[in-house]
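Take a look at the following structure, please.
Residue numbering begins at 1 within each chain, and the chains themselves are lettered A, B, C, D and E in the order written.
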Amino acid sequence: MDLATVIGLSLAVIGIIGGNVVEGGNPAALLNVPGFMIVIMGTMGATIIAQPLERVIGLPKAILKAFFGGPPHKAGETVELFVTMADKARREGLLALEGDVENIHDEFARKGVQLMIDGTDPELLREIMEIEAEAMRHRHEANFSVLELAGGISPTIGVLGAVMGLMSVMRHLDQPDEIGPGIATAFVATFYGVFTANVLWLPLANKLKNNSKDEQHYLAVVIEGLMSIQSGDNPRIVREKLEGFLRPSERTKKDGGGGGDSGQERQAA
Amino acid sequence: MDLATVIGLSLAVIGIIGGNVVEGGNPAALLNVPGFMIVIMGTMGATIIAQPLERVIGLPKAILKAFFGGPPHKAGETVELFVTMADKARREGLLALEGDVENIHDEFARKGVQLMIDGTDPELLREIMEIEAEAMRHRHEANFSVLELAGGISPTIGVLGAVMGLMSVMRHLDQPDEIGPGIATAFVATFYGVFTANVLWLPLANKLKNNSKDEQHYLAVVIEGLMSIQSGDNPRIVREKLEGFLRPSERTKKDGGGGGDSGQERQAA
Amino acid sequence: MDLATVIGLSLAVIGIIGGNVVEGGNPAALLNVPGFMIVIMGTMGATIIAQPLERVIGLPKAILKAFFGGPPHKAGETVELFVTMADKARREGLLALEGDVENIHDEFARKGVQLMIDGTDPELLREIMEIEAEAMRHRHEANFSVLELAGGISPTIGVLGAVMGLMSVMRHLDQPDEIGPGIATAFVATFYGVFTANVLWLPLANKLKNNSKDEQHYLAVVIEGLMSIQSGDNPRIVREKLEGFLRPSERTKKDGGGGGDSGQERQAA
Amino acid sequence: MDLATVIGLSLAVIGIIGGNVVEGGNPAALLNVPGFMIVIMGTMGATIIAQPLERVIGLPKAILKAFFGGPPHKAGETVELFVTMADKARREGLLALEGDVENIHDEFARKGVQLMIDGTDPELLREIMEIEAEAMRHRHEANFSVLELAGGISPTIGVLGAVMGLMSVMRHLDQPDEIGPGIATAFVATFYGVFTANVLWLPLANKLKNNSKDEQHYLAVVIEGLMSIQSGDNPRIVREKLEGFLRPSERTKKDGGGGGDSGQERQAA
Amino acid sequence: MDLATVIGLSLAVIGIIGGNVVEGGNPAALLNVPGFMIVIMGTMGATIIAQPLERVIGLPKAILKAFFGGPPHKAGETVELFVTMADKARREGLLALEGDVENIHDEFARKGVQLMIDGTDPELLREIMEIEAEAMRHRHEANFSVLELAGGISPTIGVLGAVMGLMSVMRHLDQPDEIGPGIATAFVATFYGVFTANVLWLPLANKLKNNSKDEQHYLAVVIEGLMSIQSGDNPRIVREKLEGFLRPSERTKKDGGGGGDSGQERQAA
């Protein structure tokens, strides 16, 4: 499970429920079937309407993915891989990479390298890879945009619940003892709406969006790497280019000693 | 009828109205002619102002389309179609596709293939198809933007109804028995405004937007396919390119066995 | 007067005011000089500040235009015109169009055709026409963005009015009889702010925006048509290209019978 | 002083304060030191945090500029200037413009003409001028985005003031006489927050944004004019191109009589 | 520490807390453990969920950076540096710059100059530098977007706290003495939510965004400078181009006397 989700969710729940307890509130009052029905079922219904059915079916999986995440793309390793391949390709030709294809765990990179070995025209290779990257972005956007919709709808459905609750209270102003608890109950729906939106839907949408941006960044590394190898760039140049995508801390530290190498390479070039 | 709309709408109504009933509310209190007039007619009026008349007339049809949807474009089938055509065109020439035109059910794809057979210049063909795709996007955007407008206006018109209702109540504070029910009635307008916005207009706008994005994605598949066939690409390359647009689950599974084929093709190429 | 504006505005007023009357409210209570001064003058002042003076002067005209609209561009007719001109230009040369210039009612199209006849370089012709189209977009955007600003400011100025009214009420809690009517009066400003924003400013802004988008679409038809004629495209291609901009219902129905023609043209080409 | 600012501000103040007076409110109640401190100092503090120090120092000047404006760029005159220069340059060569440089009052245009006379390569000239235009846009955006931030923050800080005020009131519910005036005072902060946001910050931000867009439009005229002169365009074409940027009312009316001229020019060309 | 942050934060705190004190409020009432737990922990939890873990760890550093800032890039000095290098490179060749590399303090500029001396192809050099600039933008965007999320979530979590507090109050309407203080306490959460959003998160997000835009502007200066030197531009042109990025006040004042020089250069060119 993605550790940030665990930590973040625990912190939010402890803070919000704990704060209420410290204040003297009764957290049991927050457990309320009607509020749950109104907000959760209402929000689910609305987000299901907003989607074609096939995407609705994939929704829980996308939410779980936001919860549990996956191993992040190790951009640093990918850079190393492409530098090594650039070196090999330069010395022994592109076909020499045939044996390495199996060792590439990432499907996107493997597809690209295979197409390159097959002798696909660079223009066409870039086009195929960019279509694939764009289609991924399109699929991921569909997921986080549902969560954003849920995050936008959920608090107003909470208000809807409060309005309906207050309407009941208002019709029975002649029973003063019921007013207070009635209003309190009416507010539970607002609590559910605001809580789920701000602690679940919006942060998870944001996480999926961030993951999607990071992935697009990673895919760009792969595409640039393929183009660089195919055009026979110097491995040093390949590294220089691809490391531009990395945070400074992820970059290889050999740069210092590499100064000499690069000098040699410059003479050779 | 689009199943997601049925399921979603039922879920939302059961959740929201059912939650109110469980809470002890009286759903009959939600049936209220003035609230309906203020919110529904007010929102309709405002959205009609926002449109040229001819588009107003097409509006109900667009909303029904959002409700009932249509058969989704089967992108997977389209890829197969283009791969087959690419194969045929390569062996027998573009004119051999003449007989297949009738079997293409999608109008956009058929127009493109016909133009290609007619020998339209590739540049011009792409331009014509992109004009058509862009015009579709323009038409669809007009539809979902009306629903977005309705979704934005409707809750505030609900507030307007509440304000007018509260004004009546405030003028008669001397009749304490009337205060509670008066406020309750005033709130019905808010209920209508928030309910229609969050359960109807915004989710339906979102659905139309999603459908439009999916369609643009489909149109891109068709345009890429046409370009690929016209430039005489290898059918394997056509598949590689177009499958990039599909979700992994939609892609042909022959890829494994196809490794050998692709090897042969590579020799032949 | 633009019929949609009349219908929409009537519907909204009947719904909102009528709903209030049915509910037992007194619409006369909505006529209130202070509320009018605060909201209407306040919003006008704020939008005047937001504009250079010369644009302020043109504002009422822009709003009237949104109200009354103008005859929509008949894109269908324009396509016919360009197809006819393409045919003539192909047979008799561009100069033969000299006599048709006078019959072009739309200024933009006329300017383009005149420049084309004058032998303006295609690159330059496109550039001149695009500068003109962009400048139109810039001018129209200025208009609808003022209305959007008014729509955003007006409800909060309504709240301002309510706050000031409530402040007066709060200072006189010792006169209980005055409280109710005082609050009711305070709310009128909110009514004006929300009503004008949602029934006037925002829908009208939306209408101007829609009109501007439609016009840009129309201008694109004209520019494409000019380019097509100048490069000597086949009239059938000109039709194919320009009809892409039209809704399917606007397209010429001769397409069926035209199949034969297009066959001939193909042989001739 | 920019007349629109004076008129708009007067109208807004007369409407809002006057409306309150007509309603029987006491405008003196709106003068309130704590409310002023909370909202004005709070908003100032927040916007200062949002900026690097050097830009904070330039802020008051930018606000004054929004208030007082400057003489608008006279795009019409600029078009005339460039048409005249195009004519001269065509007949006597670019160097003949040396004497006119001093008469160009606008710094941006003067720099461009000077560079053109110096024989700067067209590509490079365009690049230099576009860097300058983009840097201007960047500087102006920084100014109006601060005002937008202030406009967004100020009403919520007003709410903050109301919340703090209500908290004081709530702690002294045992002094019923104090409740009304206490709530009234608490609301003053809301008044300040909403008033300054909607009558000052947001309209002024909008004005600076409009001015910036207009200026970019003007800079585009200059750049197009330079390119046109340098490429030796016919003065008639220069006019045709640059007048595309002007509102129809600003365009030269000689067009009618110019029909004959343009005929001659066409023969000469 | 960034002076604007100190001044702005002090001003905001003095204004808001001071205003409350002047009004007769008790600032101690704003110190409230439950409110702090609910809002601060809740917001922290939600923003942690929205991020991959590694970015969560870097968050405090990013916030501190927003607080303390760093020495701004001295764009003026950089222009001088590039003009000097352009002059040297023109007279003695690119390799002559080898000795200057060590004196370039900014890492981005140094990398660029080093690559240029190494004889990297201009196309490739621009590409490498733009990848690096884009990756920086991507990293910085991640930081300010977290703060924007916190600024959006924090006030609604404040409302959540108020709702929970009011629910407790409503359940004990039979103890009238507790109502006032209970409501006051419930509001503290709203205070925390609105205060932190508007005085901390949103202004700091804005500052990081501004800094990022300024940095991108600076990086563009460096890239343009590199391209200009590599293509052997005249130092005068290099200055002309790069000074376009500077505010007028930062530009070299030698321009007047430089008129003569530029005359000479023009003859020499």
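The rule we apply is simple: a contact is a pair of C-beta atoms (placed from the backbone, for glycine too) under 8 Å apart; a residue touches a chain by one contact, two chains touch by 3 or more.
All of these numbers come straight from a predicted model, not from anything done at the bench.
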item	value
Partner chains shared by chain A and chain C (touch criterion as defined above)	B
Interface numbering overlap (same over half, different under half) for chain D and chain E	different
Centre distance in Å when chain A and chain E are each reduced to the mean of their C-alpha atoms	24
Between chain E and chain B, distance of the C-alpha-averaged centres to the nearest whole Å	39
Multi-partner residues of chain D (at least 2 other chains)	none
Touch-based graph of the chains, sorted into line, ring, star, complete or other	ring
Chain E-touching residues of chain A, taken from the complex the two chains share	2-5, 7-16, 18-20, 22-26, 29-30, 69, 72, 155, 177, 179-181, 183-184, 187-188, 190-191, 194-195, 197-199, 202-204, 206-207, 210-211, 213-214, 217, 224, 233, 237, 240-241, 244-247, 262, 266, 269
Sites on chain D touched by chain E in the complex	33-42, 44-56, 115, 118-120, 124, 127-129, 131-132, 135, 138-139, 142, 145, 149, 152-153, 156-157, 159-161, 163-174, 185, 189
